[in-house]
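Which chain is which? They are A, B, C, D and E, in the order written, and residues in each are numbered from 1.
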Amino acid sequence: ADTIKVGVLHSLSGTMAISETTLKDTVLMMIEEQNKKGGLLGKQLEAVVVDPASNWPLFAEKGRELITQEKVDVIFGSWTSVSRKSVLPVLEELNGLMFYPVQYEGEESSKNVFYTGAAPNQQAIPAVDYLMNDLEVERWVLAGTDYVYPRTTNKILEAYLESKGVAKEDIMINYTPFGHSDWQSIIADIKKFGSEGKKTAVVSTINGDANVPFYKELGNQGVSAEDIPVVAFSVGEEELSGFDTAPLVGHLAAWNYFQSVESDANTAFIKKWKAFAGEDRVTNDPMEATYIGFNLWVNAVEKAGTTDVDAVEQAIIGLSVPNLTGGTATMGANHHLTKPVLIGEIQDDGQFEVVWETDGEVAGDAWSDFLPESAKLIADWTAPIKCGNYNTETGVCSGQNY
Amino acid sequence: MKWLNDFRELFRRDQVWSVMLPKQVDVNLDKNIALYIEDLNVSFDGFKAINQLNLYIKEGELRCLIGANGAGKTTLMDIVTGKTKPDSGSVWFGQNHDLLGYDEAAIARLGIGRKFQKPTVFEELSVFDNLELSLKTNKSVLPTLFARLSHQQDKRIAQVLETIGLTEQRQLAAGALSHGQKQWLEIGMLLASDCRLLLVDEPVAGMTAEETEKTAELLNKLAGEHTVVVVEHDMEFVRSIARTVTVLHQGSVLAEGSMDDIQKNKEVIEVYLGEEHAEGSEAAL
Amino acid sequence: MIRIKNLNQHYGGTQILWDLNLDIAEGSCTCIMGRNGVGKTTLLKAIMGLLPTTSGEIEFQGKALQNRSAEFRAPAGIGYVPQGREIFPLLTVEENLRLGLQARNDGLKTIPEKVYQLFPVLKEMLNRRGGDLSGGQQQQLAIGRALVTDPRVLILDEPNEGIQPNIVSQIGDVILKLNEQDGLTVILIEQKLGFARRVGKEFRLMEKGSIVAADRMENLNDQLIRQYLAV
Amino acid sequence: MNRYRCHYLLSNSLKLLFGFLLFVFSSFSYSQTIAELHHELTNVTLSKTKSVLEKIVQTDDETNLHLFETMLAGNLYFDTSDHSLLVLEKVDGVEQIKDFYSAEVRAIDRSDAKKIRVNNALRTYLRASIARIQLTAKDDTVRKEAVESLYKKVDKTTFATVVELRSQETNKAVQSAMDLLIDMNDAQFNKNEQQRIAAINRLAKSLEPAVRNMLVTIANQTEVPKVAAAATQALQTIEAKIGFYNKLDTVFFGLSLGSILLLASIGLAITFGVMGVINMAHGEMIMLGAYTTYVVQLLMPNHIDQSIIVAIPLAFTVSALVGIVIERGVIQFLHGRPLETLLATFGISLILQQLVRSIFSPLNRQVNTPSWMSGSVEINPVLFITLNRLYIFFFALIVFAALLVILRKTSLGLNVRAVSQNRNMARALGIKTARVDALTFGLGSGIAGIAGVALSQLTNVGPNLGQSYIIDSFMVVVFGGVGNLFGTLVAAFTLGIANKLFEPMVGAVLSSILVLVFIILFIQKRPKGLFPQKGRAAE
Amino acid sequence: MKLFSSIFNFKRSGEPGAVIVPFVALLFVVTLFAALGNLVFPEGSVLHVSTYSITLLGKYLCYAMLALAVDVVWGYCGILSLGHAAFFALGGYGMGMYLMRQIGDRGVYGNALLPDFMVFLNWESLPWYWFGFDHFGFAMLMALLVPALLAFVFGWLAFRSRVTGVYLSIMTQALTYALMLAFFRNEMGFGGNNGLTDFKDILGFSLQSDTTRVVLLAITSLLLSLLLILSHAIMKSRFGKVIVAVRDSESRARFLGYRTERYKVWLFVYSAVIAAIAGVLYVPQIGIINPGEFTPINSIEIVIWVAIGGRGTLVGAVLGALLVNYAKTRLTAIFPEAWLFALGALFVVVTLFLPKGLFGLAGSIRKKLLPSPAAVKEVKS
């Protein structure tokens, strides 16, 4: 073909459109820019956008369409874990290549997927460390939307906290349905839980639409960040742009990127984004992950001299590109990136201010060390192991579909 | 404590479990009375529609029920057919069936059929299908699923169609019939169902004089083999079929007797007939 | 007062009215008769604008009606008592009557006492839901409701269906009175010959969707009856 | 009453006062040290800021309060060229850079002003420092709040100050706040057992969380059994009261949820309940109302407090007009085919969602809460009622009452019921059915729009807003009994309260499931909802 | 069989029936063509049919079956179920559980006993309700029995209490909504939001192989034909007439002695089983089942397929499902950002201009072209 096709598999309608449309735009922007630079391997890049409409099985169908009908060379896509799980068998069957840009629960490493968002050890654990060490938090509320990412993350955190000597009665766990909008009782409960003398914090894995009513209620019930700080893993600049942050100043989020981080790369990126999408648009962590993923892919293709999936897959491992926070992102043999962990406080202008960060980049861990079964596994896509779930005890690889 | 009683019922030694009893016992008409209605009361939001009503209908009788608008005639039929539950009183079909304990379908299966005041037919089914569904057959689910129109049944329907004059419209959707035609169809459904007790609410409303005559003839023919209760306001018609007439007033029986007696009854004249239809007046214009 | 020329009407593919012509004089009381299903109700519905007509003209007081919508006809002075009563079942009797007020041209806001005089039972039942009434009571309500609209011409489709005998004669009296004293034009569909003869001044016989005979009531003879009304 | 608001007013007036004072003293009054410290403040990293602030506190300088408050509000900046302190203020939506000392507007570029960063730890420290300064503030409420902020933690010197101030204090409320603080101190540290117990007994009347936590600690210290026993008893008294207030809380939560369900479903009670249109686009009418609120705020960015009042009639109009267009354009052709309305309106709802997605982007839009609606009323230390929910509760009742009047007392109400029961007969009576339909559908839609205004205060304003309420709305209308407005009211509150009763027991997810199961079972008992249509006609 | 004898008696049976045989024949031809095209003709040949098209067709046919299920209850009996996706999803979960057990120790954790999601949520042992699902027969039995039982219990409660009309519709919606919330819960042991996925093989045949896919498609197509014919036979029987009578006037049917609630319950169960079969066939072809399948919106969409095709016509419902889903596939590809406008408009336009759906349109075109003798007779009489 005379173009290199790039598939974009993000929901443009339905419940996830809110988050995913931005990522589609990001990919389009990156493609446009790459084409201005003369394309890749002397060819122009061509975006193929489809809409899986927040319907999980459709991700598999559209994924197949992209690979077999449109013959794309790479896919940037997916947000929710379930959508990734849905398309995964198709990617493995057809030997496709996908870059997944969102923080997730880990416990996965596929030959055909590169995970450019954070694994739990690149977000959740450092955040808890910060709360424990810097804010002297002793009681924990783990509040999340009832699905796999929060469940797993909270499982990991629970194990981690207990290993740090936190008593069971000092951990409160609460799950709510998707799109939960009535937070009165839960926040009242959190307040009560937090008024018993020990410093309390909320670790929120609340996802998507439930956040706005959550924070509004938090503000109205007067839960201030000084009393009970909330640290969120799924609330970024984009989400904050949906509400008035004045009453929420000081609440926290843990990410690998914030728009407010000062670096030349970031300034340039923000400028490009605003020119592309609109002056009032903000950037966020999954966008950075998409940015890194895209650049890694471009570099790998150039290095391999082809868009062939197997060649690119091998070329990309160990490759580094600058991230937007002034460091570098290196793709590990387990298909996860190295990332700095940043903790930011919400400001009244809807931005975050970094109040803590790791010294350097942390390597992403596909298999959490805090879950008994998973601790035994490692992912390593380089020879001789060449496997995403290698059991170090039995020396066996399991679960591969190709 | 209903469940407790149910539970006790389960362990009574003098009878087998009720679910194992044969489903329907045939109607016992030893005393020659088809329908017993005793001390019946119904009220709606405080308004007494039926008031201490007592009524006995003999087996094979053709009984006319008349009474002012709102006297409770239709309500009475509603009760007998299980549509309305009375506040108190009893309704027995023959010696052995307490109708108040049954639902509509069970009552219908005992052989009690009804024609409604406002003609009600299955509008989207054809005239033919309306009649087919009315046939006296096993109406449980499985038999119906595998049922097939027998030659006899087919003939029976043709016969009924002929009688009600809708042979030409047999494949027409019943909803497309005119008001009078629907009346006829509903009568036809009664005929097809071959019921033991027929409750007929205003059969000749909207019919021409001649059709009225024909209906009268039909009902007369049915009586004897079937027990028929007719409600009508058309006095000519009533006179032409009635042997015994019962007059209802404000939910109770005001008078009962032959048509002649009734037409002489002062009270009936006052509340219902008016001077025109009173015995001896220039009857029946 | 009402003049119908070459009216044709279809239900779906079936033609019901065939080139129907009808003239109703002001102040007359006309009885339309015919067997079941010949199209009497259809004719009245066409006059009320409740059915689309295929072709033909309907004139009321010199004005063409066929292109005006149904809403226009009640205020223009046509009162309608439909077959099957068509009471608003969930409205109270009083509300059913009050609805008629809107069609009046005099802006009256209360239900005229006259209606209660004609049908005392309605007064007793004012707060009952229309749907709960007995068939006969509903029929009275339907007539009452039409009278509330203060019509110039009253159209009744089998108004005596299901009415107790003494009220039937009362209704007869009412119609006569309305027609003779108040000069109200009346069109009546009636199956019962006796009643028709008593109140009707004119008759029209229908068959297969056309008017086949028209004359003064005195001239309704047995031969006509046998020909058009017998089964 | 309203914390944020008081605070805001106060800080403004103080700023004025200080501006004046600074003007008077600016020429000579600054000691070397404070200026140096201020300069140092602009040069340290976030982790070192606290030590500088501690030194500043030591100086007891008069500018400290102003400094701390500005910093706490996140408005303290400095000039990158000369490191002088600046204040960044928003005046009518425009940012203004002022000199910290003179309060004069400075003409420097925004990018030359750099923020002095604060984090949670600093905010805590700043608040405590402010409280200490404000123990002598003029305003009673400020003083009281200053004392209250010491409940959690108070150092020796500050406590001594409070004890000293107590004798001069004249305001009753401040007095009792101080007494509580003193009692707390006595309960813990008084050497005299009798006095300790007396203090504890007095504390049993208080619902302050700090008091309770302190009592728990005392009750667990068994060295002095009598004191521990007193503390245990005091705790019991307190817990009993708290238990009671928690129940009240639950009821209020239930009523609040109920009022939201009511608002969301009441428009549907008309379009669906009365007119019989299975209106799947109802949620989108709500959404349009919410977006109208957003647009109104865009148009009047400096009058957020008033914007919502303006938005109510506008949202009504917008949704009503769209409703009328839908009715005239589609629904009028579907009379007598209620199930088809489901189809068509579902299509319309897809179109409307995509429309706002195209116009406003798929992202949630920010709708601000007017200051008079934010925060909460504190009834006592354990019982708060959030203002926005309180207003929405009353708002829902008012809308309901207004609707009831329209449907019961106007001819529109009568006509719409007549039309929905027998369209042809209504036409034969001269009722202009087309107008009635359009107006009624418009009314139902308009009310949904109003609901959108209220919901914009609680939840996302995004293209999915409507979707999240449509199922609940149908559930409420059906549960209450179709066609019965009063039923909708009762159903909304019943479901609201039921949900909130289950929630503490089984969690939010199971409680939603339980409520659904409850509705399913309830309908078996009452197949036509709470308030069914009765009588013959309902068959 | 009496049931089947009526099927071939098309002269009397009116329009919908008359097209079933041609439709089934067409379905066979298409399936055969697709099968050969995929397995025999190589890529690049004009006759080649891609695997993508095979899975797509398989999905459409499952949806068509689902539409058939809804048409049976809605079109003929007037029971507007807004919860049929629940039966579909339950059937799918039954199949999903079987497929999950087939993974055995090939999961990522290599645990032979527990599916992956149970392993990482620290489940100790397989919950009791998962037992037996490694046997295909048992799993299929449960996949049909559980939805049937749910339909029976729900129908029995609701119809006996005479819950009708919108009340019933909303209750079915509540049912599927409650199930959705329940299946989201990880404690339920069905994989929570992620559901069941990453299947390997079915009865020993790899799900990734083209042959398996084609066979699955063929089975779907065959079952759809059978169910279409069976449903038609049922609707033509006297049972079917009672069902229509119930739709017209349930109380009148009761006064004739029919226990309408039983008729409705059995019809509802029958329909639920069809939906469950559709779900069973859907999962191996799609490769994932998760609680999203329970969302009330899905059920509403099914109703829309039926309405667009023409309700009460069986074949119409099937065609409606095929058409709408094909349109969705095309539109999302052609206008990824505006397809909802087109789809929404399609719904509105069809409702407004084709009150009887596409099938009704076809019928009236045919009528216009060749007026039936019956119609002529009616006019004259």
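Operating definition for what follows: a residue touches a chain if its C-beta (ideal position, glycine included) is under 8 Å from a C-beta of that chain, and two chains touch if they have at least 3 such contacts.
Not measured: the values here are computed from a predicted model.
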item	value
Path length in the contact graph (chain A to chain C, fewest steps)	2
Centroid comparison with chain E (C-alpha atoms), farthest chain	C
Relative to chain B, chain with the most remote C-alpha centre	A
Chain with minimal offset from the mean of all protein Cα atoms	E
Whole-Å gap between the CA centroids of chain A and chain B	74
Chain centre separation in whole Å, for chain E relative to chain C (CA means)	51
Centroid spacing, where centroids are CA-atom means, of chain B and chain E in whole angstrom	44
Where chain A and chain D are represented by their mean Cα positions, the distance between them in whole Å	30
Of all residues in chain A, the ones touching two or more other chains	12-13, 146, 175, 177
Multi-chain contact residues (two or more partners), chain B	44
Sequence positions of chain C contacting 2 or more other chains	14, 132
Chain A contact footprint on chain D (complex, rising order)	3-4, 46, 74, 117, 119-121, 123-124, 127, 209, 212-213, 216-217, 249-250, 253, 256-257, 260, 353-354, 357, 361-369, 374-376, 384, 386-389, 457-464, 467-468, 499-500, 503-504, 507-509, 512
Residue numbers on chain C that touch chain D, as the complex places them	48-50, 69-75, 80, 82, 86, 88-91, 95, 98-100, 102-103, 129-132, 145, 149
Residues of chain A that touch chain E when the two form their complex	12-13, 49-53, 55-57, 60-62, 64-65, 68-69, 80-82, 85-86, 88-90, 93, 107-108, 146-148, 151-152, 155, 175, 177-178, 371-374, 377, 388-389, 391, 394, 396, 398-399, 401
Chain B-facing residues of chain C, complex	11, 14, 33, 35-37, 41, 83-84, 121, 128, 132-137, 139-140, 158, 161-170, 191-195, 197-198, 229-231
Residue numbers on chain B that touch chain C, as the complex places them	44, 47, 67-71, 73-74, 117-118, 165, 176-181, 183-184, 202, 205-211, 214, 233-235, 271-277, 284-285
